[in-house]
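Contents: one structure, followed by commentary.
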Amino acid sequence: MKVLDVQSLVVFYGKINALKGVSLSVEQGQFVTLIGANGAGKTTLLNTVTGVVEGTEGSVRYHGKEILNRYPHDIVRLGIAHVPEGRKIFPELTVEENMRIGAFIMKDRTRVQALLDRNYELFPRLAERRRQEGGTLSGGEQQMLAIARGLMSDPELILLDEPSLGLAPLLVEKIFEFIVEINRLGKSILLVEQNANLALQVAHYGYVMETGRVVREDSTDRLRSDDAIKNAYLGIG
Amino acid sequence: MELKQTLRRIPTLLGSARAAMAAFSARYRMPLVLLLLVGIVVFPHVITGPYYIRVATIMGIYVILASSLNIIIGFTGLFSLGHAAFYGIGAYTSALLATQAGVSFWIALPAAGLVAAAFGALIGVATLRLRAVFLAFTTLGFGEITRIVILNWRSFTRGPLGIAGIPVPQFFGTPFTRVSYWYLVAGLAVVTVLGVYRVYHSRIGRALVAIREDELAARSMGIHVFGYKVLAFTMACFFAGIAGSFFAHFQRFISADSFLNTESFTIITMVALGGTGSIVGAVVGAVILTLLPEMFRFLVEFRMVLYGLILIMVIVLKPGGIVGVKGVFEKPKSQRKPWIVEKLTRKPTIPDATQPQGGTL
Amino acid sequence: MSGDVILEMKKARRTFGGLVAVNDVDMQIQRGSIHAIIGPNGAGKTTFFNGITGIIPVVSGSILFEGTEIQQTATHTICRLGIARTFQNIRLFPYLSVLDNVKIGTHSLYSGFVLAALLRSPKYRREEREITEFCMSLLEKIGLADKADLYARNLPYGDQRKLEIVRALASKPKMLLLDEPAAGMNNTETAGLERFIRSLKDEAYTIAIIEHDMKLVMSIADVISVLDHGEKIAEGTAGEIQNNQRVIEAYLGKQGAA
Amino acid sequence: MLAQQIINGITQGSLFALLAISFAIVYGTLRLVNFATGSLYMIGAYTSFYVVRHVSSNLFVSLAIAAVVGFVMGLILERLAFKSLRGVSRIASLICTIGFSLFLNELAAVIFGRETRVMPSVYTGTAFRIAGTNIIWLQVIMILVAGVIVIGLQLLLFKTKMGLSIRAVSLDYKTAGLMGINVDRTISFAFGLASACAGVAGVLAAFYYNSVFPVMGTLPGLKSFSAAVFGGLTSIPGAILGGYLLGVIENLAVQVISSGYRDIVGFIILVVFLLVRPRGLLGRKIPM
Amino acid sequence: MKGIMRFSVLAVLTAVLVLAGCGGGSQQATTGEPETIHIALTAPITGDWSEYGVNFRRSVEMGIDYLNANGGVLGRQLRLSVGDTGGSPQEAATLAQRWTSDPTIVAQIGSFSSSEAMAAQPIFDAEGMVQLSPTASHTDFAPGSDWSFGIVGTQAAEGPFMANFAYNDLGLRRIAVLHLNNDWGIDTARHFSDAFTRLGGEIVRTEFYFDGERDFTAVLTRLAATNADGFFMASFFNDGAAIARQKERIGWDVAFLGPSSLYSPQLIELGGTAVDGLKTNVSFFGDDPDPRIQAYVSEFQQRFNARPNFHAALAYDAIILLADAMERAGSTDRQAIRDALAQTKDFPGLTGSITFTPAGDAQKEYRRLWVNSGRFEIWEG
């Protein structure tokens, strides 16, 4: 069953055609990655899904329900979490407040507490720093916080935008371990990533984007063994 | 249904009317300019009522003020909420020179401009490194300080007593009549608008607009951003000072009551209402906001309520101003409805697969 | 390659808080060459350009342009010295006409005064005519002359990229810094860009280019420097870089080597 | 003497502080300076005038009703005008607030009459004396009300979900939207809250000065804006500090310099702080 | 950007047309009945001073109704046009131009503040029309033009009167002064202080405040710290009431007095018991048994549900005096009205008898007044 189904999505930034008819879908429990060079439109796609950016044409369906151009706060309530590029944690709120704001849509306090406990368990570093202001965390910790915050709404689908950006390789591995773990817990994941090899190693299915279009999609096994990716990145051929 | 369609066509119709007008005026530009000049010359002889000439003269003062403020707000993208202070400085400089030192109007006029410009430069150097909004409030504070200094420094400015008996300017020995005042202010306004136009279309104007559009890119293109901001401020204050000098000699009595913060707000409103960044806009704004309160005189006590209401409505409905450069100071139209509308018209949340979705293969 | 160094960087360093964005980088750019700077996202490439142009000055180290230290010089002065740049996310002046955008590029070449503009002195008129002719000739060269009167924002994306380069060229720079000029361009546009950059090289411009489109980089660059996490990890010709293990790791992650 | 001036300053400072909070909340969430704040203060004062006449002469009844009226007025203004101006050039929004200030003042004059109206004297008994200075109950109440509101606001902001969402929106409204926060509604609420503060200040002023008139908000509005800048435009504790400091400094200026320079003090503080320390005493660096 | 000129051309042309349009409209309105005598009133009906402007309007309308009911002036009915200045001097001048250029208008009453009146003065002077201000008291106002008349009386007379009241009747020797910082306040404080010093008293401290201020505790605290045995406040009644209340609040118990502008029923309403004991003077006293005054007060009260104050009475006097001058001139010619006005001698106004000095200022009679247990009473010494 398709959790997310994007069809022929077209997005303009003013006159700039950022997405030129992109189709993509995420199955229940699936781990999908979207790779491609800078400026290919990956972030735009995520932003359009959650309503941060307005789409011009096409459709975005969540469990079959049209959600294109709804307000972000309405979309998020449906069970999608978006961990934005650049982490975007609230620097002046404490770690715990950041976490709680992730659970903003939850009405049930005991459930929020349960989620909080579970996520602290998952990210013990954050538990240690729960009283600290978000802005004082290191880059890796901020990324963890951003992911943990996304998990706080107990979403069904998580959109991750470049979680490895600006992090040291060791930390990147760590973050990816978490992501795999989250997927194992049953969450569907759509991961936008530059680090193609890593992304293709952990995900089930991959889409390759180039200048506003999906140029290739396949299972990650096949994509991995395909030189096209490397070529696209390093300009060979 | 038909009504709806008609309504929907209105913007298009307006747009084509506008385009037609633009084409017309572009084609007959020189004749129109001539017509305008003839209009200026003939006006006081056709409409001889002193009241109308006076209103037109006041309008001329505001055209100068709004056009000059437009250099700061519209071109350079800076805020100034203290323009009336420079207007006042010009007026007081000129009035004091004339009454205390017996200086001729023709010397006092440029002197007032220069003194105001000097203050502008000074304030500019001190404040223009600030971020936009802070700059606005510094100038607001400066305006208020200027007013209080005028009121407190009695030995120099006569404080609240104001300066009376400012002499009527003479033109080769002939004292000014109300028609000569009109010609002078019209001349000054034309010179100001032309000056602003020429500056706008010069290397300097391009630099100013570049700063408004993208300060970082402007800097990377070799534009000394700070210097040009100060320059813009100084130029604008010069014209404000000129307007002040004219006003002092026109009204022949000035007091701090004429240069309150509300006056700054009036000028800034003219710019915004007419169209921030548009040379014509500033003129149109000044014309409208001088005429509107006059036309509403019959309302007496309801006058300012209506004035406030119209102001709010125009700004809300057309934030870029009446003839603003389309889009510069407006945001793009959102496809989303305000949440309240959204809330009321929200469809049931049952997935509706039968609904055809455009764009799919 | 002519052999003399136009820009030299010694131990240039830029930090943001605790993060080291550019870490003691040494680099030499040869006059008349096309020098590409590549590296994964967040490697510090744009910070590197910002350091050269003084937008975000380096915190230590020195930058010499034609033998003059410029690490403390103001951005607008650096432009006057002969370095012009474009931006990663297009920074045109959207509500100025295409022609005016280019004209602003010539800003540093002239020194008109307010009075001259007000009075339209003969010298001023001559200069304005010169500027207009020069800018139009530039626009013609890149094929935008017929769009000279449009607002810059109304140009298609590819044209906006081109316009930005033309604007930089209008300052008659000795060295041109291009920050991802091909980003968002389609293949035809990129091919056109490639031809254009080559023609610039023929006109003896020095070009430093940050680019993600590797095909483009590999085909036009004389020298490629690779940055990763603020450090220069490799430098050489296209062939050398494509086979450099550290570069492949930096791009594709460790496993890419296997 | 000095003690007396300081007490005077603190009392007046309570009004400035409440108005400064109003500025700070609106600026914090909308990055907008609301020049109509003084008008909302005036509306609060007129509300108490009519409450005293027709409902109850109890100060606290007036406070409660004026807070509600202020809140609703704020919501209406926000919905009518500022909502559609969000993201448009600041200058348009700024002029809109100026327009509202003019409109509300004149409308009040037309509806309520232009003459100064009298408020009853309440709580004028001496509460206690310090250093030979007489402090009346009303002064004590004013300081307490300001204090209660400040504490209430802090609780609201730091202990409730709405408070959390206001803080999140003021930091980064886009990301706040991604967290499921209804940004529009949060901003409206904040605007209402700010207006309620201004309304409460108006009630206190009406009782303290025993008079109500249409343009009563102009000067306090302008001054307390200086106070807000002084304390830090985005910081509520800063606004309070700024308000009280401005009150005290102004009164001391009369004592030490001259009455003529009283009004100038606030503006000099405004200019100096903007030049030297734009973030104010307690404000954070403002992303613009 | 070629459009700049073309649009400015259009804009200005439109403006000229609109201007011409509104010209036509209002002239049409003024040529209705040639039989009426058309009088203009200029006052701040909106803005910061509107409270006073509205009272002007009420009184002048009342006066015109009274005159019309009694056969009008010279057998013709009176008609009023009201212009609002919003408190701006420039608007007062614009209105002056508007009134003077309307041939049906014979004279103007107003405006309220001296700044407004003086900004309009050159126009009235040049065009030759009477500007009869009920309240402008600026030293330079009436002497500034043959066409300017002020009926409030200058502080040059009232100041010494109050100084005498303070020194001789109340036995005060050291007085602290607080005044509104505008032309009127400065003048009032100066004339009082000069006269008081001449009598042998001492002004221990002079402070002032700006219009719009409602918190006087600071300045009062400072004044209270002097060794003054008296306090003179040059304020209007609403400021005065607030000052009195705050004076009481800080516990400054001292004899206090002020000029006739304090006389208003609202002073007591606003000031409560705090104004008890205030000494002032009046030339108009609402509780005066004089039947004319009682008739005026009761009708004012009936029509507007408020008691008239000094400013309102002055405006009433202005219109009646103007009518009287027209009767005396036997004409509504602007010059004739001016000449007749200048001749005014012992005109029996509600605010006392009015005689103009050659400069055009009214010489007034003053009566001592004080507030006794919540009522204004004539002070009997």
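Every chain is named by a letter (A, B, C, D and E) in the order it is written, and numbering of its residues begins at 1.
The working rule: a contact is a pair of C-beta atoms (placed from the backbone, for glycine too) under 8 Å apart; a residue touches a chain by one contact, two chains touch by 3 or more.
Quick caveat, the model's predicted, so the values are computed rather than measured.
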Required minimum of steps from chain B to chain C, each step between chains that touch: 1
Fewest hops from chain B to chain D - one hop per pair of touching chains: 1
Pair of chains with maximal C-beta contact number: B-E
Central subunit by CA centre of mass proxy: B
Chain centre separation (chain D, chain E; CA means) in Å: 35
Distance from chain C to chain A - Cα centre to Cα centre, in angstrom: 32
Rounded Å distance, chain A centre to chain B centre (Cα mean): 48
CA centroid of chain A to CA centroid of chain D, Å: 42
For chain E, residues contacting two or more additional chains: 1, 46-47, 50, 54, 181, 210
Chain C: positions in contact with at least two other chains: 153
Where chain A touches two or more other chains, by residue: 14, 71
Chain B - residues contacting chain E, complex: 21-22, 25-26, 28-29, 32-33, 35-36, 39-40, 43, 46-47, 49-56, 58-59, 148, 151, 154, 159-162, 164-165, 193, 197, 200-201, 247, 251-255, 257-258, 278-280, 283-284, 287, 291, 294-295, 297, 300-301, 303-304, 323
List of chain A residues in touch with chain D within their complex: 50-52, 71-73, 76-77, 82, 84, 88, 90-93, 97, 100-102, 104-105, 149, 153
Of chain C, residues touching chain B in the complex: 53, 55, 74-77, 79-80, 84-85, 87, 91-96, 100, 103-105, 107-108, 110, 112, 114, 116-118, 120, 124, 127-128, 131, 153, 167, 171
Complex interface listing, chain A residues touching chain C: 14-18, 37-39, 138-139, 162, 165-166, 168-169, 172, 194-198, 201, 211-212, 229-230, 232-237
Contact set on chain E toward chain D in their complex: 46-48, 50-51, 53-54, 181, 207-210, 212-215, 217-219, 221-222, 225, 238, 241-242, 245, 249-251, 266, 269-270, 272, 306
